[in-house]
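Listed below are the structures to be examined.
Same chain, two partners: subunit A is paired with subunit B first, then with subunit C.
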Partner chain A sequence: MGPIVPLFNVSNEINLLFAFIIGLGFGFVLEQAGFSSSRKLAGMFYGYDITVLKVFFTAAITGMLGLIFLNFMGLIDLDIIYINEYYITSSIIGGIIMGAGFIIGGFCPGTSFTAAAIGKIDAMWFVAGSIAGIFLFGEIYPLLESIYMSNYEGAVKISNILGIRDGYFALLLIIVASIMFWIGELAEKKFKREDISKEI
Partner chain B sequence: MNTRIIISIIMISLGSIAAMLPKTKNSSIQLKADELLREMKRQTYVISADELADLLINQDPSILLIDVRDSVDYAQYHLPGAINIPLKELLDPEWAPYVDQISQKNIFYSNGTTLSSEAWILTKQIGFRNNYILGGGLNKWFSTIIKPEFPATSAPSETWALYETRKAASQYFTGSKAADKEENAVILPPIPRKKKTRVQGGCS
Partner chain C sequence: MDPYIAGVLLGLVLLASFYLTGRGLGASGATRSIVVSGVSAIAPNHAENSEYFKKYLHDESPMKSWLVLEIAGVIIGGFLSGAWAGRLKLKVEHSPKITSRRRIMLASAGGLLFGFGSQLGRGCTSGAALTGMATLSLAGFVTMLAIFGTAFALAYFFRKNWI
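Right after this comes the complex of A and B.
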């Protein structure tokens, strides 16, 4: 019975070991999919390349369907899976900062590491900047704590808020994603940029 | 057909199946009967009256006493620092922060162990952690801590040491003073002694 690593039943070290192994796989796939190119990531913003949208939504949908089917087969317990807790204010502020960093730097945190790993200098600077940001945040945390902690909603699922079953929400999300991918491909044609190389 | 359309069709059909699936019970938390029995045999969830007295006297912050009797009994007598959650209200969401947590040891107690054991089994089956019961309940608490049994004179010194600890604990919890020595002291009549007479005569 899943999850493989129940949060409280293993030591922190074993937890980190699992995270390390999964992280290696994640990084490898990101790199192989061409995500270490900042052109690809910036393309999401300018509309000439929506690979990012497709990959992340497909990943979410695959994971979601996997959980639902595994739960149906009795192999995983959805009630003891960790759900990230929702702080409305910090989610919005964090989203804006992350989005801005995405378009300015051309990487998201994960892809910056894969790009740094294949030797891209700008990605190394990006990583250094992220670490500096982490230290800065840690140092000024007492000043930010009230904003950071405000509007706490707990570990909520959208399906719970809407009051529908997880399966219905999954279907809804898949339909929405399919429509988004279709619109995205139209946008790719409209904002086509011949001058930007597809090369990594 | 391009890849996007093929993948969309596959995903939507899988999603439709997902939407039709019944919501399955998440059963992995609930213990099977044999697992529960094994746990009960091991008795690791029982805290003895002596252990509890020690924890209370040392004001251990990691325990929370929960009185699972009804509020009338609770009002009559309860252990110091205990909160009252009657058994039938145990699963109310209002009490969830006390019962379902991982930072404190909850110690359930009742007069005997019936109610507290029921509370323990309930919480164990749901998968709550850190729940314990007071072995023997309040009855045992009274017979061992509040009114410890006077050991036989021939009892080994460990028994006497335990008795003294319990007696001291009893004084801690009941607030009674140490027995006054002067009151209890038996005043014996002075032993008549013969007056020593000085050696007389001679050349004194």
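Right after this comes the complex of A and C.
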């Protein structure tokens, strides 16, 4: 029965060891997927390389189905799994600012770490920039607190909002993702940039 | 690696994280620990008086946090993958149409925005969007749509930096 750490009172040292090993897998897969290249990541938004779409949605669906199956087989207690809390305003505005950071900087925080790890100097600057951005947020937090805390909805699940069972939502997402993959692969043919793909 | 296979592997890493520790993946939270530790080392009073940083000043050092250890793994895992694939090289990657200097300025500005936004949005592409979607959290889907929607909407204005 999982999750192991909270259910079996596993020591903090072992939990941190799990964190490190999970991180090893996370970093290895991100780098193998080609996410240590900003021009490959940015390809998503110009259609010449939609690897981001493929990896991101396949991973989210795999994780989602895994949780649903583990729960179905009684192998995991989903009540202990953290569900992100929804603050409407800050989720949307935060996401918009992150989206601007993505198209300007070409990385997100996780991918910038793997790119910096293989020697991308621009990724190291991205990491430095994000340190500055987090520091800035902390310094002006009193001005932002009302936005940060407003419109709190709790830890709501999308399946509950739509009034359908988790499994049906997962099926719906698989169908939507498959359509996006099909459109995305057509875009990759149409907007192909051999020069960029060869370089990365 | 084939993107779909990489996606399944990434999903399995995420699932292992849920099964073992009860939590998903993250990235910007580790950067926040670095910032909180730095502020607390240089100006301890300032950190304790900061409404935001003091939330993360626990008895134990923030550098011994779960996400910091996970990101240490990410950096080593990325390095090993790059070494295995023969991709280790110090360089600034940029479109031939722009200079290295411009690329570094854009990367720094993008990092600044992403760092700032990840605090307002309570997590980045890993912790809010990917992990949030796997647990079917509405916040995860909203954050994902806001990130990718904005990047698509602004792509036209920044095209000369990429293609």
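Everything that follows uses one rule, which is that the second predicted complex is superposed on the first by the 184 of 200 C-alpha atoms of A that agree within 3 Å, B and C clash if a C-alpha of one lies under 4 Å from a C-alpha of the other, contacts with A are read in each partner's own complex, and residues count from 1 in each chain.
Keep in mind that, in the parts below, contacts are C-beta pairs under 8 Å (C-beta built on N, C-alpha and C of every residue); 3 or more make two chains touch, one makes a residue touch a chain.
On a predicted model such as this, the values are computed, not experimentally measured, just so you know.
Between subunit B and subunit C, whom does A:Ile61 touch in the aligned arrangement: first, second, both, or neither?
both
Does the superposition put A:Ala132 against subunit B (first), subunit C (second), both, or neither?
second
After superposition on the shared chain, which partner residues are touched by A:Met180: those of subunit B (first), subunit C (second), both, or neither?
After superposition on chain A, A:Met180 lies in contact with neither partner.
Is A:Leu171 contacted by the first partner subunit B, the second partner subunit C, both or neither?
First partner only, subunit B.
Who contacts more of subunit A, subunit B or subunit C?
Touching more residues of subunit A than the other partner does is C.
Could you say whether A:Ser90 touches subunit B, subunit C, both of them, or neither, answering first, second, both or neither?
In the superposition, A:Ser90 touches subunit C alone.
Taking the superposition on A as described, I'd like to know which of subunit B and subunit C A:Gly74 touches: first, second, both or neither.
Only subunit B; A:Gly74 stays clear of subunit C.
In the superposed arrangement, what residues of subunit A touch both subunit B and subunit C?
In the superposed arrangement, which is not itself an observed complex, subunit A uses residues 54, 58, 61, 80, 166 for both subunit B and subunit C.
Which of the residues in subunit C come into contact with subunit A in the complex?
1, 3-4, 6-25, 27-28, 31-32, 34-36, 38-39, 50-53, 64, 66-67, 69-82, 85, 87-95, 103-104, 106-155, 158-159, 161-163
Please give the residue numbers of subunit A that touch subunit C in the complex, ascending.
Per the touch definition, subunit A meets subunit C at residues 2-6, 15-34, 36-39, 42-46, 48, 51, 54-64, 66-67, 70, 75-76, 80-88, 90-123, 125-139, 141-142, 144-145, 147-148, 153, 155-159, 161, 166, 169, 193, 196, 200.
Looking at the complex, which residues from subunit B come into contact with subunit A?
My answer: residues 4, 7-8, 11-12, 14-16, 18-24, 26-29, 102, 127, 129.
Can you list the subunit A residues touching subunit B in their complex?
1, 8, 54, 58, 61, 65, 68-69, 71-72, 74, 77-80, 165-168, 170-171, 173-175, 177-178, 181-182, 185
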